[in-house]
Amino acid sequence: MHKIKQLIKAGVIGATGYAGAELVRLLMLHPNIIVEGLSSVTYEGQNISEVYPNLKGICDLKLDAAHDIIPRCDVIFASLPHGLSEEYAQLCSDAGKVFIDLGADFRLDDQMVYEKWYGVKHKYPTLHNKSVYSIPEFHRAAVAAADIIANPGCYPTGIALGLAPAIINKIVETDGIIIDSKSGVTGAGRGLSQNTHYPDTNEAFAAYKAGEHRHTPEIEQTLSKLAHTDLRVVFVPHLLPVNRGIESTIYCKMNGCIHFDDIYSAYETMYKNEPFVRLQKKGAYANIKNVRFSNYCDISLHTDAHTETLIICSVIDNMVKGAAGQAIQNMNIRFGFHETVGLLTVPPAF
Amino acid sequence: MHKIKQLIKAGVIGATGYAGAELVRLLMLHPNIIVEGLSSVTYEGQNISEVYPNLKGICDLKLDAAHDIIPRCDVIFASLPHGLSEEYAQLCSDAGKVFIDLGADFRLDDQMVYEKWYGVKHKYPTLHNKSVYSIPEFHRAAVAAADIIANPGCYPTGIALGLAPAIINKIVETDGIIIDSKSGVTGAGRGLSQNTHYPDTNEAFAAYKAGEHRHTPEIEQTLSKLAHTDLRVVFVPHLLPVNRGIESTIYCKMNGCIHFDDIYSAYETMYKNEPFVRLQKKGAYANIKNVRFSNYCDISLHTDAHTETLIICSVIDNMVKGAAGQAIQNMNIRFGFHETVGLLTVPPAF
Amino acid sequence: MHKIKQLIKAGVIGATGYAGAELVRLLMLHPNIIVEGLSSVTYEGQNISEVYPNLKGICDLKLDAAHDIIPRCDVIFASLPHGLSEEYAQLCSDAGKVFIDLGADFRLDDQMVYEKWYGVKHKYPTLHNKSVYSIPEFHRAAVAAADIIANPGCYPTGIALGLAPAIINKIVETDGIIIDSKSGVTGAGRGLSQNTHYPDTNEAFAAYKAGEHRHTPEIEQTLSKLAHTDLRVVFVPHLLPVNRGIESTIYCKMNGCIHFDDIYSAYETMYKNEPFVRLQKKGAYANIKNVRFSNYCDISLHTDAHTETLIICSVIDNMVKGAAGQAIQNMNIRFGFHETVGLLTVPPAF
Amino acid sequence: MHKIKQLIKAGVIGATGYAGAELVRLLMLHPNIIVEGLSSVTYEGQNISEVYPNLKGICDLKLDAAHDIIPRCDVIFASLPHGLSEEYAQLCSDAGKVFIDLGADFRLDDQMVYEKWYGVKHKYPTLHNKSVYSIPEFHRAAVAAADIIANPGCYPTGIALGLAPAIINKIVETDGIIIDSKSGVTGAGRGLSQNTHYPDTNEAFAAYKAGEHRHTPEIEQTLSKLAHTDLRVVFVPHLLPVNRGIESTIYCKMNGCIHFDDIYSAYETMYKNEPFVRLQKKGAYANIKNVRFSNYCDISLHTDAHTETLIICSVIDNMVKGAAGQAIQNMNIRFGFHETVGLLTVPPAF
């Protein structure tokens, strides 16, 4: 059993990437957290508010080396490119710290699958037995006892929340699920690329990595567990010219003739007590603008009767529920805080 | 046979709607056209360049009543809400003028289907026997002899061009086609609505009319003819925060195991002589930014091997190939001009 | 003297306009506030979260008539078109409620000036003797004792904060001040207009109401008081294609040869203890992106030596420091709360 | 006297920068031009349409080395960072080719001024005696006989066109001119920077290089010649989150009391025969959206009577009239084509 502390010290490794910066923003608002240390390889020695002037006067911490901040903290968040988190997980494990990884290293159970999609092997394979992958809505019990927490990818989060009630209640066939996702540009991170250069991105729209995105095995892993059978999905992401938000439109073949009201009820039942999932009223469409800057996942349901297709629209803020917010939600559970502490922001209307 | 005239006089009914204004812009660049008359109910008596200052010094025509411009023109384009074109088609037919309708009145063959989706009956049913629906790439022969031309809807154009080679060559199953489309905001027209108010649209994204959009029967009509069998599609449009452009990502079950190169070849073969269809090289993705302000349809092909799915990305400028440009392309064919005259603009890179 | 209550009940008249909706968002986060009643003429009887789905599950209050909510509240915020607030101010005054007006009715001291710019007369002239106009940084003492509080306009707020230290310290001449402001589209409100229709606003930029904007007399009134002399400014606003934020670039003739460091020090001195004013380090530029969704005003200073001009860049979020946030800041002072309570949000980096 | 050729061969050095790519786009539409060669250091050996897929099927030329294309062309356009054009100018001069420089090397008359602002010296000083700086509206005669043509900077073009009638007619004082400009992001070029990374630029707005932008001496040089006296201006550019367009709002002290109608007439008189300058009707505001993708400069005039200030709003497309279009306009004059050939595009309304 974990003792509930009133105040814990948090550190962020990779604090100047977009997910790291969003973590800092949200942690500053958390009543039980002291942001104790931030690290950055690129900007070590500078002040975080020089890199992110929005934080000026709010968080002016100096950026340290990762190794220096671990000993000072109770919980370490890492937001790093894949392949770089394991080492810090090991250090934290040795030092008895809770480690929450926003990267991909601990997301996939099967090392072969990880190697196939990421092109590298796990370096600390035994560590993975101790790690828990957690979308809190599905994995609360496990994450409460975990010391290495794998925070899910942005696309898989919204998609799993959108599909879970349909799969668990056998409303849809597990074959032939099509997922068409659109992500705001922060999803591509802070690193520069021609593809995210303003004049190339603005007034543009295209798919990318159709059938080849690394979130595909993570989506299939989560859904297969919910379905208790191996399933495969078609997953095509698109780059959307907005800063934040992911919308996934999901197409499933209905399992025979089910009344829409029954489908809707299954979703209502599953999510009625979830603080961060909001089922839209019938006829409304989930819109990314209603969840921006918040930890909500909004879901709307639609059917195409003439093809017996269930259409699920699921939206999240990719930086919050899809990254930093969900990481804090996991931390809250792990440390025995109420799951919503620090996350009850009100999404702006505009 | 139609005599080729060097110079013809064109009129636009509904010139101050978005499609009308785009027609004016493109017709001004056409070497064989004199823009003779423009009509608008809302702005009658004003100068078009007062409503659209971009046209100042380029086209400063006064906006007349529709009935006044028909007698002065050889060809009349109408860009009106559904239910309002038939009357003008009848007048043009009586007066021996060519009528090109950018609205929905003449798009659907089956009057019952029209009534079901549009909620009104055709008023001049016999007129519909004379009208020809034309995506020029498929209907060149017919449109060359037509005096009432139904210009296709924006979504159906890009979708039909994207799917035709796959359907005609039986590359994909005709069952279970899923079409996820995203349209720029000009697609909603010039009329004001909360949904297209800048702060509500900017940084927003959502689906709308899932399975209920009026372009659904038009898409099915075109594809069914190509397939020589009745087929049904799932069609879900989304509102995209850009001014122009439609991207459709189309998911089809492959008909057995077909090599990607053979699929690609089928598309190459079908479109190699088409001036306005550009098959993207393998690995590239069709992007709306490359077709904006032009009559091109760019298509890219992708397969998801692990689910045997063909993924087709098709992009057009909804105002050009999806409306005004295609109308001029149809006019060119009808009047014996080269199909590309006036349409060889170069899409800007940014 | 006012008794400090732990919890007060607040009502918003005009809750479905943009400033009203932003008030609701911010009030929900305020630990000392119970949002007791909301009114809307247009949407009376509906739930606020039907109009603003971002509030779903957070604030689902029914929209009442204005008259019904006043008796239930301790403080009433009104966000209404000019000419409509006075009546409610009178009702609140009679009932002993604090009234905070986000509209223009109580902003101008001189009734002749009000009439000249707004085209109507004050209906309750005696009420104006009791009202206090408050940019809290300048008017803390007065607002603490006021029962009718005039919340400043968005443009005047950022401009006055940007110019005050230069004027008070006689760094600049009071003649010839030029103010070039750019406002995000929420500044135009929720009402529909061609000018704020997405395709007309996106990828567009222009000035409007040059020398004729109604905030001009308010700016001059505030600056004249700071300068202890009547001054006139040139004020030209522009519509900026973003949702939120106002940037004002202010040009002043320096009063003789003053060293930049001395100017900078004067600003530092004046604002060093202000919780919501952040002077940018030398060489940096105030950017609207760093204050969005927050009550901050960021200011940067620049000089053009070869013309002896001081250039001041001032940015605020027009909906927060320029409207709802400042109203809450005023309320905090009036009710004896710490001025920053409920307003310590962290502006996001993206 | 130059012989008028029907068809000339053009080359572009630096064809993959933004101005270069825009030149290619516009030259493709020019009836008297054959695009003979394109060069790029970064992409040498690749096809231009691989770098710019919008050109696919329209211009698929291979990118060569600069030295290889000069001998094959009659006119060479160079779009390069400062300091790199002189060498090619010398080569062209030696080979008897016309050289049009879109860069800064030949814009400033005074070598000391060039060195002060650009930090390097001219390498071929004698070459500068032969070069002609040309905003065609002011320098037609000179450019017709020039073999080295300096194409003006984007900001200076719109500003000079906006101010010229006021200065020439002594409507305004030459002292104290304030220029507040806002440029779309293409003005920053194709090179990547944090400042033009989509999530950092979108929903952002700030000034940059206040009083320090390199276009300042060019603006002052042009205006001083028009005024026949040395004048100084305050020039502050801002980065505007749109792809294209520059708006400059210019503030001038009126020379005594002049009636607005007389000012307006002076502008009308000066520009009535200019094909690319459009004076807006009284009360209207020049908006970048009306000139995008075109060579127009739209100008609107406003006065602030209470401060005797003339406010001039001037808009251009920075890539066309501010770069590639104006370069072609200069070429047309130099080669004896009608000045408007290839440039009569119609700016789109949206």
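Structure notes:
So that you can tell them apart, the chains are marked A, B, C and D in the order they are listed, and the count of residues begins at 1 in each.
Going forward, contacts are C-beta pairs under 8 Å (C-beta built on N, C-alpha and C of every residue); 3 or more make two chains touch, one makes a residue touch a chain.
Please read these numbers as outputs of a predicted model, since none were measured by experiment.
With centres defined by CA atoms alone, the chain at the far end from chain D is A. A repeat of the C-D interface exists among A-C, B-C or A-B. It is A-B, with more than half of its contact pairs matching by residue number. Ranking A-B and B-D by contacting C-beta pairs places A-B first. In whole angstrom, the spacing between the mean C-alpha positions of chain B and chain D is 36. If you average the Cα atoms of chain A and of chain D, the two centres end up 47 Å apart. Remark: chain A and chain B have CA centroids separated by 39 Å (rounded to whole angstrom). Shown for chain D are the residues that touch two or more other chains, namely 18, 186, 199, 202-203, 241-244, 287, 289, 350. If you check the complex, the residues on chain D that touch chain A are 18, 184-186, 190, 192-194, 196-199, 201-203, 241-243. Considering their complex, residues 176, 178, 180, 182, 199-200, 202-208, 210-211, 232-234, 236, 238, 240-245, 247, 249, 251, 253, 285-289, 292, 300, 302-307, 309, 311, 313, 315, 350 of chain A touch chain B.
Across the interface of their complex, chain B is touched by residues 18, 21-22, 25-26, 28-29, 52-59, 186, 203, 243-244, 278, 280, 284, 287, 289-291, 293, 298, 319, 344-350 of chain D.
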